[in-house]
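Here's the structure, in structure tokens; my notes come after.
Chain IDs A, B, C, D, E and F follow the sequence of writing; residue 1 opens each chain.
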Amino acid sequence: MVLHILNRSPSMSRVFQQALDAMGTDDRLLLIEDGVQGALPQLIPYLEPVLGRLFVLKEDLVSRALEGHCDARAIVVDVDGFVSLTEEADKTVSWF
Amino acid sequence: MVLHILNRSPSMSRVFQQALDAMGTDDRLLLIEDGVQGALPQLIPYLEPVLGRLFVLKEDLVSRALEGHCDARAIVVDVDGFVSLTEEADKTVSWF
Amino acid sequence: MQYALLVQGSPYSYQASHSALRFAQAVVRRGHSLTAVFFYHDGVYNAARLAAPPQDEPHLYDAWAQLHREHDTELLVCIAAALRRGLMDERESSRHGKAGHSLEPPFILTGLGQLIEASTAYDRLISFSP
Amino acid sequence: MQYALLVQGSPYSYQASHSALRFAQAVVRRGHSLTAVFFYHDGVYNAARLAAPPQDEPHLYDAWAQLHREHDTELLVCIAAALRRGLMDERESSRHGKAGHSLEPPFILTGLGQLIEASTAYDRLISFSP
Amino acid sequence: MTGLSGGDLLVILRHAPHGSSWLKEGLDTALVAAAFGQRVSLLFMGDGVMALLPGQGSGPLGQKGTQPTLQMLEMYDIDSLWVEHQALLERGLNDMSLSVDATRIEKDAISRLLAEHTQILNF
Amino acid sequence: MTGLSGGDLLVILRHAPHGSSWLKEGLDTALVAAAFGQRVSLLFMGDGVMALLPGQGSGPLGQKGTQPTLQMLEMYDIDSLWVEHQALLERGLNDMSLSVDATRIEKDAISRLLAEHTQILNF
């Protein structure tokens, strides 16, 4: 299982599509930094193919005042959970 | 007349849409750096609303081996032409 | 006409600085005056005096200095952007109790206000960003 | 597990360095070993010894140094990326006939090969880019 | 010309807070320009509208957010604030109250806003 | 596992030449890894496919392009080269000859390529 890490919002950058194209059926996607915007209910359709395997970093939601506004299907993890995701993955790939 | 300068390819970044939204009917758009990709026949439809007012920087086409591959509707200018466009414009806005 | 440029890209990672220099050369070639180049955001790294690019790559620092020498173009670096990024002249260095400096003339540390105040004096301000 | 990080963003313009530091602290908190942090692309600017951020902003340089002090994490800066960007230690400075230096321990200039050679020794390599 | 909002300087803010310093540097530029007596307008566009969400906090290592800077706009007499309506809609934020009093602007009015300012800085 | 192209390191190149140093730095990393004895594969994806157009020149101030570096791949025994077919099609470049011999890879095979490498560096 590969952990893919995305730090760009789908509203501005198309890199999310590259990440999706490169993801295997068990791979996971973690949204960090400006990428957490992708967990908004209006933007999450872009990431529809990986729902259930979509994680979003709590700290980056909080600093942006987005914590209460996420789609419930995005799994919120804090930075310790981020480390734990990297423990469980064979390797990670960062998309930027 | 405002000269808008765009250095991102429409294939990767949605910033071209912001530039188009901000352009008045007489404004011009100049593609530079990675933005020159937008003059390829397959990508120029993204910039369709400003055809006739669409310029592309020759030097950046040449270094990328794209000079022979542009759509004929993109007006090729060299860097002296770039300066000349800024002379003719009241002001410039750079999109990145 | 009086031109000024705003450079916001780091010199060896993005084309912005290269594009700005190429544009600067064309501006003076066409008989305009290039009064000042402002460095902001990561553009301030253009002023790093110890830059040592490989011999077969362009030396951006020297190219800016040459522009200053030949055309009296002021090279103005936003002090707030520079200090946090590790660029300080001798005066700031001693003010911060540090040894050594990383920026020196012809690059000049200046406040953002100078960009603003002066911007009314130019006919054109062109931005180059990463 | 043995972790290493690759940092590619400039420190005061993009969140990459902040994210990397936050992740680094969580790695050691969870009992892992953080063997090395590699700085490449504009990430090398994290090693600028004269960085002087405002008092009420985080001091990234000091935070990296603290990580090194407390957890023996190596701070490895790609020499090719660093020299062109104006970051050199005393040895490189004298080799280039310059006065002064802009990088010093605990940041160490090293070849790209060390990243590669060592990468087989880590269990995880996580990249933080701008 | 409809007199939408003439002025000396229009600062366009297109980047989200925290991910990069663009937003903060754009705001700083606006404040300094106002301090030097210019009539400054702000346009929050694209991801820049995220800056207007109330309740933002500090960054990953405790660095200041942009909320304190936004609160200073009034003190510097920057009251010509525009926010791209479409960008709010796309992000589902249109019904939220914003942390500063910005006027919603439609796509087709943006070019007029640009035309009515002497100088434009795009962040 | 189909044995698409196993290896120690997959370097993904997603940025166009000249606009930034990502492409060059990615290639440098690949060459160094090969010099240290790793089995290296390259994937040109998105704008990265622009690097494969023949006839590229130097940059605005005469800086080297990436063409010389690409020519060194063979010398370093990097012969597992992949190019995203879709990216070529989107840019209308599919019928052009490329400056190095790269195998076209379809979207749905990319994840397998990633899975078959021990380490991935994304530029």
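One rule holds for everything that comes next: contacts are C-beta pairs under 8 Å (C-beta built on N, C-alpha and C of every residue); 3 or more make two chains touch, one makes a residue touch a chain.
Quick caveat, the model's predicted, so the values are computed rather than measured.
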Ordered by label, the neighbours common to subunit C and subunit F are B, D
Report same or different for the subunit C and subunit D interface, where same means the shared residue numbers exceed half of all residue numbers found there. same
Rounded Å distance, subunit B centre to subunit C centre (Cα mean): 25
Let me have the rounded angstrom distance from the C-alpha centre of subunit D over to the C-alpha centre of subunit F, please. 26
Can you list the subunit B residues in contact with two or more other chains? 7, 11-12, 15, 33-34, 59, 91-92, 94, 96
What parts of subunit D, by residue number, touch at least two of the other chains? 12-13, 15, 19, 22, 41, 57, 80-81, 125, 127, 129-130
At which residue positions does subunit E touch at least two other chains? 18-21, 46, 59-60, 119, 122
Every chain pair in contact, whichever chains are involved: A-B, A-D, A-E, A-F, B-C, B-E, B-F, C-D, C-E, C-F, D-E, D-F
Per the touch rule above, subunit A residues touching subunit E in the complex are 7, 9, 11-12, 33-34, 37, 40-43, 59-60, 62-66, 69
Report the residues of subunit A in contact with subunit F in the complex, numbered from low to high. 2, 15, 18, 21-25, 27, 91-96
Under the touch definition given earlier, write down the residues of subunit F that touch subunit D in their complex. 8-9, 21-22, 25, 28-29, 32-33, 35-36, 38, 119, 121-122
Okay, in this complex, where on subunit A does subunit B touch? 11-15
Under the touch definition given earlier, write down the residues of subunit C that touch subunit B in their complex. 1, 3, 15-16, 19, 22-23, 25-27, 29-30, 32, 124-130
